[in-house]
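Two complexes are shown next, each including subunit A; its partner changes from subunit B in the first to subunit C in the second.
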Partner chain A sequence: MIKIPDIPESVVVRHGAKAWPLALAGAGLLMTGSLLSWSGDPQVLGDLSISFNPGGLQIQALALALLAVVLLLAHKGPLTSLGQWADTALGLRALATWALLFMVMVVVAITIEAGGLINIDPGGWISLLGAVLLFAAARLVLPRETRDPAEAHLPGWSEILVIVVLMAAILFGTAYALGLTDAWEFVLFLVFVTGVVIAGIRAGLLSWLGHVTPRHRHVLTLAAFAAAFFFPFTQNGSDANMSIASQILIFGAAAMSLNIVVGLAGLLDLGYIAFLGAGAYVGATLSTSAFATIGWNPPFFVVVLLGACVSGTLGLIIGTPTLRVSGDYLAIVTLGFGEIFRLSMFNLDGNNGPDLTHGPNGIPAIPDLAFGSFNFGDTHNVLGIPLARFSNYYFLLLVVIAFIILVFSRLNNSRIGRGWVAIREDEKAAEAMGVNVFGLKILAFVVGAFLAGMAGTIKAHQDVSVTPDQYIFLESAFLLAAIVLGGMGTVAGVMIGAVILKLLPEKLRFFSDYRLLLFGLLLVLMMRFRPEGLVASKRRQLEFHEEDEGLAVRVEGEFAEEVKP
Partner chain B sequence: MTMAAETVEASRSPGVPLLQADGVIMRFGGLTAVNNVSMTVNEGEILGLIGPNGAGKTTFFNCLTGLYKPTEGQVRLSGVALAPKPRAVVEAGMARTFQNIRLFANMTALENVMVGRYCRTSSGALTSILRGPKFKREEAETRARAQELLEFVGLGTSTDHLARNLPYGNQRRLEIARALATDPKLVLLDEPTAGMNPLETRQASDLIFKIRDTGLAVVVIEHDMRFIFNLCDRVLCLVRGETLVEGTPDEVQSDPRVIEAYIGTGTDTDEDAEDSP
Partner chain C sequence: MDIFVQQLVNGLTLGSLYALIAVGYTVVYGILQLINFAHGEVFMIGAFGALTTSLVLFRGQTSLWILPFMIIGAVIASVVTAVLMERFAYRPLRNAPRLAPLITAIGISVFLQEIVRLNYDHVPFTSWNPFDLPDAKSLIPFPQIDVVTGPAFQVGGVTIQRAAIFTIGALLMCSAVLWYFINRTKMGRGMQAVSQDPDTARLMGINVDRVIVVAFMLGAILAGIAGVAQGLQNNNIDFRMGFLAGLKAFTAAVLGGIGNVAGAVVGGLVLGIVEAMATQYIPGQFGGSPWKDVWAFVMLILVLVFRPEGLLGAKAVDRA
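Now for the complex of A and B:
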């Protein structure tokens, strides 16, 4: 995205030979500095003041330097045999750029937090100098011949190993990021992660990964769920992060359901949160809360089904008349529906119509779920690790999400999914080929609403209370943003989008006044540079780049490869 | 496929009317695009629909296939009146291609044809989610039939190519394969050789003969006179939304009104008619 002007060729030719040792020296300096004390003030950014006992940020700097060394050795040196598969020069450049950004931000952060440049110890300056040197030298490293990593046929087990290691790294990274309480530390960790990921992309490793993962889709899914499953065990019984995590899962479940409507059927829905709300209100009114308005307490799985059905019926009711309009009109009608739902819940308080929802007060004091003797409010010990209230909900939601993903991918990969693609591609032609356009649109609407309703019933118990102001338009907009940001029509992308959109506001509380500004900016940038989202669905990518012949040929090859068993 | 083969054998009885359009009128506001056109297509017959630009050929096609609801008139297939809805028309057994190719550009060739099978398959949402034996069987059948049709139109090696990456002539073939996937009794081809070179045109007429030989009736809109007169059993000429002449290629070819409608003045042969300015 950010284009740093290239160095004139004459300079590169003249000094190209010195680049490699200089870069190595830079990485060495960065490492040495990171082992020394960075900050004179032990209070800021974790503790960075003890030499030879690096704090979190120093370990990240060490990791960046180590990666740079590996790339350098792969470029020219003992690891060349590995290097031929990756674009080491480009990867190094990206890594060095981000390492420099990282160090500059560290210096700025220490200066601001501790009050003055004086607090930066020699180690900090050495690291910064190393980063500058690495940055400059990396710009001079000449690119070399590379081979397409897709040709590298590694044994299957090593590919699986890569996936497992990756998932473990994500699990560890997330647990670490959630544990960071200091905003600066969190932002710097994000810079570190972004730098590593971008270096990976530039070096071509991510495209290799994109090649490997379809072959081991089941392993990937399993590993991802295993990582998610083990997450609560990394929290030592603390429920603070688990509360955020289970909020993310609720949000993710709703986003995945909306993904059926938006990503698969291509229908824009701006009032989707109402379906989550419908499920939540069913869950609340049928609970044993003293404020519940319906005195019937069926078993919870009946409530889940009822909530899903009520929500699905609402989907049908709103869909039948409105799906005859398309595009922008549909967006406006659904937006209206979302508001109608919220205002209805707001007004069903006994003054206007029946007292079903207690109006703006909502239904508080919803008790925790209990399956037999297993109460979700209690802390349970598993293998000596205490798992508290939110962990319990987290596991339940994980099952729900797994179900939603199953429905999503199976529908996507069937006659119905093909029909949806055809409708997105050319609605008239699809109709003329006998595809039940209207029926399939309704189906997407109803299935999406059904699944969101399911998640909603759990949300009611997890949140303890259900009020209309939880279901404002902004929430619908965020759901849609998660999908657009992550990648329409993908599973991984939407889950990543959901994590980003829920986690960032929690961790950047100081920024909360500006979060809409930040997201707006983020979306504008995404639309400009990567309209298909972080994780691109291949089909969507094609749709967004209709002129790109090269892409079409490339994707064609990938499709063909997937068909082969 | 065996089922399709049976219906093919049963329906091979030329002379029996398959499609009957009676007095079709299509008005857009004050403009009458199609004025009282009647057309009968017999089983196993290739009918050509010709006429100068703006004669209402495509509009007439759209009336037949339910994309437009005709202002007046009725369309019957095998004696049953067709509802003016595209899906009903396809299900009744009439499929079409488009003048400007309307493939699902970002789907592979095979997937395009598989979409054509949509109306002849029935796996619903629940079946798709549960993945029972019915789903697997139907999916395998759909795939096999689609592959078979691709081979039939000569695209057997392009299965995994994206529709938008296919050369122009092959896109036309793919559109025909997609139409055939709906198990039609009658296919309507809207300018199947537009933009093709002479070799591709000859291949196209071979393909149309091949389709006819499986027992299907074909209606072709075309501007290429030599193509039409070589191909068709009967030809219908539309001018300004009305039927000008209907008859065998020889009759239509020699009719001075047809020549006049196309180029304004009389010329000896259609070959000249094509080439002359």
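Now for the complex of A and C:
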């Protein structure tokens, strides 16, 4: 992490008064520049060459400047009544830093893509100057007293409105990001989003959201699903992004199932992909594919149940003996099982054992699902918008993932879930308190495997073919990484983790050779700097930061509140 | 009978390799109670260190005097890797929950494999540029050395590869040196003290941080030598070779009793012999070499579940 040194106090005191107008001027310059042409070459970064017709990146710069102005007005000006809840000075600093980074990257990108600094028009320089000014001035703006956002009570409808607007922003942001084909544009958009989010965190808006969302949990869930539901309608029938999106959902479904095992019960499983694979192989062998080895084609919902049951039984078989061990040993035992599964699927080709899986060739040509006359392979028109093959699977998977999340959260809030958490925290204490440790551990394994198997049967049809090399150890590591990255035991965190881990490699094609390298580095850095994950429950955070006393007091207070009603 | 002796020899060779790697797991575990899951990659880096030394300095030569240089190159590569890994990834996590180092180790594993894969990406390596390294996406031929590789010896009806003799010899020599180091030198006794009680050892004036680094180095030296042995034996290496070898060596370490250095050697040899015998004597469709890794994993699971304290007794057993 690069730490920008603080400005000496004497300078702040002497020039503090000038900071506010200077920052406003900086934001104004950034805006003015963004309305003008940035680059003489219309070929680079979308078209940034026409004055008063801003391209995508210029609109992002405008948005950054506008946010800065809002923060400034909230700091000292007409919006002060709103600003008293937020730490505007810190938010402004973060925003200005990221705006500067954004503009510098734009200049670098134009220089590289168009070949030389000469291609940057005056508009680009004005925006850069504005960003520099904003950055310098923001560091001089003095923080002031703020009130705890937890005490802010807006009318209920406005809080719901904020949630809905936020979800809509996420929906259109994702659709926009997926539509970007240029790697530079994509990276710059990521910088823009990161800047806005970090400014929000620094200003305390996110902690306000943290207080608002529990009050409207159902609205939030509903809005999130609505956003996910409407996503295919933003794609105009293009299937390229829907393919990625449905891959993400499969991955997310498996990660959510693993989250029950790892996140709730604290049982580390490094061979989890085998359960997804078991479901997929059941789905494939019972399909009408010409290469299927079992000549029985039951209706699909029977296959789903069978796949889930086979996978769950496998979980039971693996779980019963292995749960005698714990910690690192359990991780390695499960890794062993994962490898045994893959090697067995690889070997069962008729030469070495019965012909069940066609060995390394796998089972190809699995036909699309069809419910009655609704074939998943066809393009269907809904309200004039064509929805192609992957969109159909996407909707089905959305239902599946909703079911998995439902199971997860219902279990989490039940006696069983509390038993799991107790086992995770201290097994011996839990046992002494009468928690059925062995039974609950097995249950976690079986439920997790069952859900993953269910998702696997759909994966078989969606991927068209099933081969052993889809279920290597690295995939299990990816699943675990999604959970660790997002935040163990949380729903939102794990879904975000799944999206990041599947989406970034797809969009950052020019990194494709380095993506595993970056993945490894990301795991190491994550464990070093934020082991509790991006979205962490407070309890979990405390586990990793035992020395943080303020956090301990807050968590204690929260539990006291939880127990009261 | 010949077949049995032949498999015994094969098993001993394989087992010596496992034993050399297993020592690295056991030494680190004994001191830190940490499973250095990335140790298999240290072994792989050792093999590539030897290959690089031979390609850059002695391209195309096969004389015996190159072998010591290759071993030195392997050891330097793996020791540097292990020390950097300890310093920058594991040390900051000393007091973290146990999940953190395990995930870090997976990260390091992937990272190291990719580093090697990306740096050895030119096909083929026929040009005279010393840094034109071969493609690691496929198997890379390992340099052949006179005397150590070449036609096998026939003793009665049993074939003994020259590289097998090198591997077993390397294990014997390393065990002797290791025994001397741990029991007769100041640093070795310091290691024993830290593994018994780190806090008291610190109070007695032992530099615990240095002991930990030395433990990582010891494991890395042996893994580097194992890397050379593996290359000579199989004639080729690739960037994925550390994963399976590392897992099996870990099994060997647990089998012998993790944290117990003599146990690692015994466990390695036992595992190697069992694997060779299983390949030969398990009848029917589930025998033979396609299933040998499956049986190795079955053994791993059985050992971890039913005898986590190992054959010779472990220092600390991680068990519910």
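Here is the rule we go by: the second predicted complex is superposed on the first by the 553 of 565 C-alpha atoms of A that agree within 3 Å, B and C clash if a C-alpha of one lies under 4 Å from a C-alpha of the other, contacts with A are read in each partner's own complex, and residues count from 1 in each chain.
The rule we apply is simple: a contact is a pair of C-beta atoms (placed from the backbone, for glycine too) under 8 Å apart; a residue touches a chain by one contact, two chains touch by 3 or more.
Source: prediction; values computed, not measured.
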Next on the checklist: For A:L406, using the defined touch cut-off, is the partner it touches subunit B, subunit C, both, or neither? Pick first, second, both or neither.
Outcome noted: first
Requested in this report: Return first, second, both or neither, reflecting whether A:V421 touches subunit B, subunit C, both chains, or no partner chain.
Outcome: first
| Touched partner set for A:A432, first subunit B, second subunit C, both or neither | first
The answer to whether subunit B or subunit C touches more of subunit A is C
Check the residue A:D378 against both partner chains and state whether it touches subunit B (first), subunit C (second), both, or neither. neither
Report for A:D355: first if it touches subunit B alone, second if subunit C alone, otherwise both or neither.
neither
**OP:** State whether A:L474 touches subunit B only (first), subunit C only (second), both chains, or neither.
**Re:** second
After superposition on chain A, the subunit A residues reached by both subunit B and subunit C are 543
In their shared complex, subunit B is touched by residues of subunit A numbered 406-407, 410-411, 414-419, 421-422, 425-426, 428-437, 443, 447, 539, 542-543, 546, 549, 552-553, 555-556, 559-560, 563
Listed in rising order, the residues of subunit A that touch subunit C in the complex are 268, 270, 321-329, 331-333, 335-337, 339-340, 343-344, 346-347, 351-354, 427, 473-474, 477, 480-481, 484, 513-514, 516-517, 519-524, 526-528, 531, 543-544
Within their complex, subunit C touches subunit A through residues 35, 89, 92-93, 96-104, 106-115, 118, 243, 247, 250, 254, 285-286, 288, 290-291, 293-294, 297-298, 300-301, 304-305, 308, 318-320
Subunit B residues touching subunit A in their complex are 65, 67, 86-87, 90-91, 95-96, 98, 102-108, 111, 114-121, 123-125, 128-129, 131, 135, 138-139, 142, 160-162, 164-165, 178-179, 182
